[in-house]
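Right after this note come the structures.
Next, two complexes with chain A in common: one pairs it with chain B, the other with chain C.
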Partner chain A sequence: MAEIQDKIREEAKKALESGEVGVVIGWGAGSVPFKTTPVFIDKPQDADKLVWNPACTNNLAVYLTRWARDGKVGIVAKPCDIRSIVTLIREKQVKRENVFIIGLGCGGVVDTGLMEAGDVRMREITSLQWDGDDLMVTTEAGAVKVPAAQALREQCKVCHDRSPAISDVSVGDAVAPSEDLKIEIPGLSEDRQKYWQEQFAKCIRCYACRQVCPACYCETCFCDRIEPKWTAKKATTDEAWMFHATRAMHLVGRCIGCGECERVCPVGIPAVELARELNAVAKERYDFEPGDPEAEKPLLGAYKENDVDPAHHSE
Partner chain B sequence: MRIGVFVCWCGSNIAKTVDVEAVAEAARSFPGVVYATDYKYMCSEPGQNMVAEAIKEHNLDRVVIASCSPRLHEPTFQRCIGAAGLNPYMVEMANIREQCAWVHERTPETTEKAIELTRMAVAKVAKNVPLFQNDIGITKRALVIGGGVAGIQAALDIADAGHPVVLVERTPSIGGRMAQYDKTFPTLDCAACILTPKMVDCASHPLIDIWAYSEVEEVNGFVGNFDVKIRKKATCVDPKLCTGCGLCLEKCIVKNVPSEFDEGMGLRRAIYRPFPQAVPNKPVIDREHCRIFNGGKCGVCQKVCPTGAINYETVDEVVEEKFGAIVVATGFELWDHSAMGNYGYGKYPDVISAIQFERIMNASGPTDGHITRPSDGKVPKSIAFISCVGSRDEEHGHAYCSKVCCMYNAKQALLVKDKLHDVETHVFYMDIRANGKGYEEFVKRTIEEYGANYIRGRVSKIYPDGDQLVVKGADTLLGRQVEVRVDLVVLATAMQPQRDAKDLARKLGISTDEYNWFSEAHPKLKPVEVLTDGVYLAGACQYPKDIPDTVAQASGAASKAIGLFSKDHIKSEPMIASIYEDTCIGCGLCVDVCPFTAIELVEVVDKERSTRDNQVMKTVARVNEGICKGCGTCSAACRSLSARLRGFEGSGILAQIDALADMVKAKK
Partner chain C sequence: MSEETTVLAEEKDQSAEPQKWQPSILAILCNWCSYAGADLAGSARMQYPETVRIVRVPCSGRTDPMFVLKGFQRGFDGVMVLGCHPGDCHYAKGNYYARRRIALTQDLLKSLGIAPERFHFEWVSASEGNRFAALINEFTHKLEELGPFDGVA
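Let's turn to the complex of A and B:
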């Protein structure tokens, strides 16, 4: 991983030096070794601030709508982040020629929350590194191996496309897809309504989920409208239903499942599960995968003559 | 706000199941309602007068009619309140008939539902804003695509009414299929005698421009205002200099090109006109076969041309023209039956198609009207005509009946007997479809007076035996196998849409059916219109048709265009989509989902980000008001709520939902 990190820095430096891009968006060291933070590098000499490790969770594509609007920017991107970029390009929010993609092969990023459940004392971690299928967690006391199933973030467990679908330079080898670890979509269980009722009851309507979402790029979100007021501002469960259900409908075929909304939610609502559920339907009925660069049009904008008519679709 | 509510009994249609008086009574307490009443027939003249009077008397500014579907009477009541001085769009209909009275029993709940529907309409009308129609100017000039008999008739009718017409035909001459025939059923007029004068009329009409050897490339715009790009293919012959003398045709050294017009039964040169009476009468050079365009040396035609009309350097020209209406008359093509191996078409020279037989019978055809068979030039002593070859045959992709084959089978069996008195004719048929004026009588004549041997049954196999062909099939009337030996077999191959029909449909933004025939707007009531205003259908491009039906429809299409041109302006429908550019993020989803391609993305100044010295642009969607039908698909798709449908704004819909929710809550 250190080698790959060097290459990222090198490519970023080159792109900045040549003036091809004005800024490179990537991850930098966080306040603690098991966290990283988005950084915006605009001087070649700062390229060494870029890092690459299993804690590089943020989907940096969210910054593109603003940063790549008027000029070309560089972005360090995992395969899933690239799927977001593809969606943004398809939806005309970013011009392909305005992004310089430093694409990465990826073994997955970690869910520090899950690790905590194990034996690791977070505060003592000095570095994180993949060692085959295990995560090597080095602490002051020595190294511990955590099995992938325990450490990986949910979306990484089912990620099949672990090399960049599109990129300008590709750094690091493509990583073979992990064996399918299967994740559960609790929303699909029988107590679906009860499950979400409990989840939404917690929502404080801070909109962190929306802000971090690369697909939620509307300048005026429907829920910020005063007229027509589809949802009121108050943080009641009913209004939260309206917000989350509508947002889920807005994300079908567009959410690439990065899980950022779930990660940033202060009260732990797994909003991504709704989109996952809908995307599964899109896959089954229309063979559509969000972020697939081959798809010419967005899910809702494409029509094939042999499409399933949902009105006549029997389960 | 002063809302009036008018509850209709619809005779007993509504009153039988809904307590209409109770609905009116309940309405009196709805917010904003100052007057409510019920009446037997709200749409009748006294009913409408009642509404008009109430508007004056109670100073109403909004009206709710609780009656039938808005599809039926919304326009009626819009006119009614418009005449009474209100903006026509300040009326809402509560559909208490189809959505209530007709689907429920007479119970208190039914009346309750009618009250709720009315309450929702009141909530919506309270949010209505006045809407206004716009005038859109129209270009009074028509484009006719396809120069068969349909296109010719439509062009003549429109031009005779005083409007300029451009007739675009992709082959070098107008005339279409009909020009290929010898005589036409059921009257046996000589096709040329009745068609050629019409072709000449087109050529000499001061208001008709014939653009032969041309094709439509791109269509933009909307009713009254189409912008059409037309490719005029390079002919190498300057029409202004060419006198049509035909010297070049005689001297061209390439003599072996199978003639399309003769369906491969005759040959033509590389410089050619399809047939002697071609209109326009100027030849074209077929670049695929001309020596000059194939690396060879020649230039003979240029040398012999007395006026110097030939120029090998000419290139295709694409012109952009404005039209107000478009008539599509691109006709049909015939199924290539070689796909069906057991009949031996393309394999045995004496198995030919009916259209080839038309050419052989034609006095100006490749055999000068002498009926001979292709293999050895002998005069056939016996001929089998086989109908439904590929038609009514799902396996070969045409479940439909080609409609004219029974008739031209009879025509050909009759005409051939006129020329060769002792020829034996056998007609294999599935059943005889002769439903037209004089048609049944015509078939009867072929059988009774001209001795055609009609055999009911499908042919299973055709194979050669000596210099004859054996036709094997089942006679389903007699219930036995039959075998006839003949000298010539004529196949009535299925009519099918032009292979590029789908392409043209896409350019025009019109739809096609499962076979690619162009779809009319309504199978019964709008047979010449399509769902795109200003585009009309004529002839066999819609479905197999004979000449009488083709010409009738062509005149119908022409009269629609003339009707459109009789006005100087058309009114735009105000209940259409509009985009709030401030919040539109230019994602283009609405562009993708609009079934009428009414939306495009445009660049506008980004007010939010621009400063006085620095203008920043952004992409937003824009609705073409002439094309938008107000279907609302875009506003359903738009996430940022920027695509909105006037008359169906979110605030109105929400008010309806809230009203219903309040009532449901109150019940609990």
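Let's turn to the complex of A and C:
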């Protein structure tokens, strides 16, 4: 892991020194050892601020629409982040020639919240490191091994693509998904309508899910519009329903399931659930996967004459 | 929209009286086919429930899934989208785009736990006035069986 981190720094330094990119977006050390923060490196000597560890959760592709508009930027990206970049390129939000991708193989990132539920106390952590299928957690009291199943984020447990789909330089080996880790995400409760009412009732409309989402790239979000007023600003359940339902619809064929919206949600709404279900339908019915570099057109920007006809199966 | 919902709200108030409750329907119709079909049904004086509210769109491809979601949020008992038969689109392919979008809207409603029967999608041409009236009648019967929509919140 330390070797990979050195290579990331080296590649970032090279790209900045040659003037190929104006800035490299990556992860830097957070204020505490179990967190990282996005950093924007614009001087070669600052490249040593870049880090790579199991706490590099942020999907940095969210910054590309703004940063890569007028010039070339470098980005350190996990396979899932790269799927987001693929989507942005396909939907013409970012030009391929404007991104320099430092692609990583990834065995998954950790959910520090899950670890806290176990024996590890987050405040005592001094470093995190993968050791085979276990997470080595070094604390002031000594090292503890946490099994991956307990430490990984939910979406990392079911991740199938652990090597970069596209990249300019590839750092580190692709990590094969471990079969044992493919745990099914718990199904939604039987009474869906009630389930979502309970979830959306919690929503405070902070829009953190939207802000952190690389697929939510609209300059003016429908919910910020005054005319037509699609949803009111008030945080009532029906307005939250309108917001989340529409957002799910907007994410079909775009959401790559990085789960950032769930991570940042202050009230714990499983926002990625709806998009995940719809994408499963898109895969089955239209053979479309959001992060697939082979797909030329967006899901809803294309059609086939023999597409499934909803007029018949609504009967 | 707000005016319509006020009207509907009044209608719902009346349902407290022994009068028979009739489901409210939001129908989004393509200008070139189903809207003309509805027109034909009207001029031929075919009978269908008056609780249907029609929104005319230039093409079924104009139907943003948000129209459907908004209809449910505002408490319609059922939402209906009608468009030109595949291959007959005035703009050549608008209804093909609509087809994918509407199919996925159906799946979204299913995921959200709204009875799929509350959302109806059908192809209706300009000459099918009787079919339009029949569809509205059928849909109304289906919604009557389901009962009033208890809303999204």
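Following the convention adopted for this analysis, the second predicted complex is superposed on the first by the 297 of 315 C-alpha atoms of A that agree within 3 Å, B and C clash if a C-alpha of one lies under 4 Å from a C-alpha of the other, contacts with A are read in each partner's own complex, and residues count from 1 in each chain.
Definition applied: a contact is a pair of C-beta atoms (placed from the backbone, for glycine too) under 8 Å apart; a residue touches a chain by one contact, two chains touch by 3 or more.
Just so you know, these numbers come straight off a predicted model, no measurement behind them.
Placing chain B and chain C on a common chain A by superposition gives a clash between them. By the document's definition of touching, neither partner reaches A:Glu140: not chain B, not chain C. Looking at the shared chain after the overlay, A:Asp307 reaches chain C, while chain B stays out of its contact range.
Once chain A of one complex is fitted onto chain A of the other, the partner contacts of A:Glu294 are absent, as it touches neither chain B nor chain C. In the superposition on chain A, A:Trp230 makes contact with both chain B and chain C.
In the superposition on chain A, contact of A:Glu97 is made with neither chain B nor chain C. With both complexes placed on chain A, chain A has more residues touched by C than by the other of chain B and chain C. Of the two partner chains, both chain B and chain C are touched by A:Phe222. In the superposition on chain A, A:Leu278 makes contact with chain C only, while chain B stays out of contact range. Of the stretches 23-31, 41-49 or 95-103 listed for chain B, only 95-103 runs into chain C once the two complexes are overlaid on chain A.
Comparing the two interfaces of chain A, the one with chain B and the one with chain C have residues 222, 230, 300-301 in common. Considering their complex, residues 188, 191-197, 200-201, 222, 230, 236-242, 245-246, 248-249, 252, 273-274, 277-278, 281-282, 285-286, 299-301, 303, 305, 307-311, 314 of chain A touch chain C. Contacts from chain B toward chain A in the complex involve residues 582-583, 585-589, 591-593, 601, 608, 616, 619, 637, 639-641, 649-651, 653-654. Residues of chain A touching chain B in their complex: 70, 91-93, 217-222, 225, 227-230, 250, 297-298, 300-302. Taken together, the chain C residues at the contact with chain A in this complex read 65-66, 69-70, 73, 86, 93, 96-97, 99-108, 110-114, 116-117, 119-123, 151-153.
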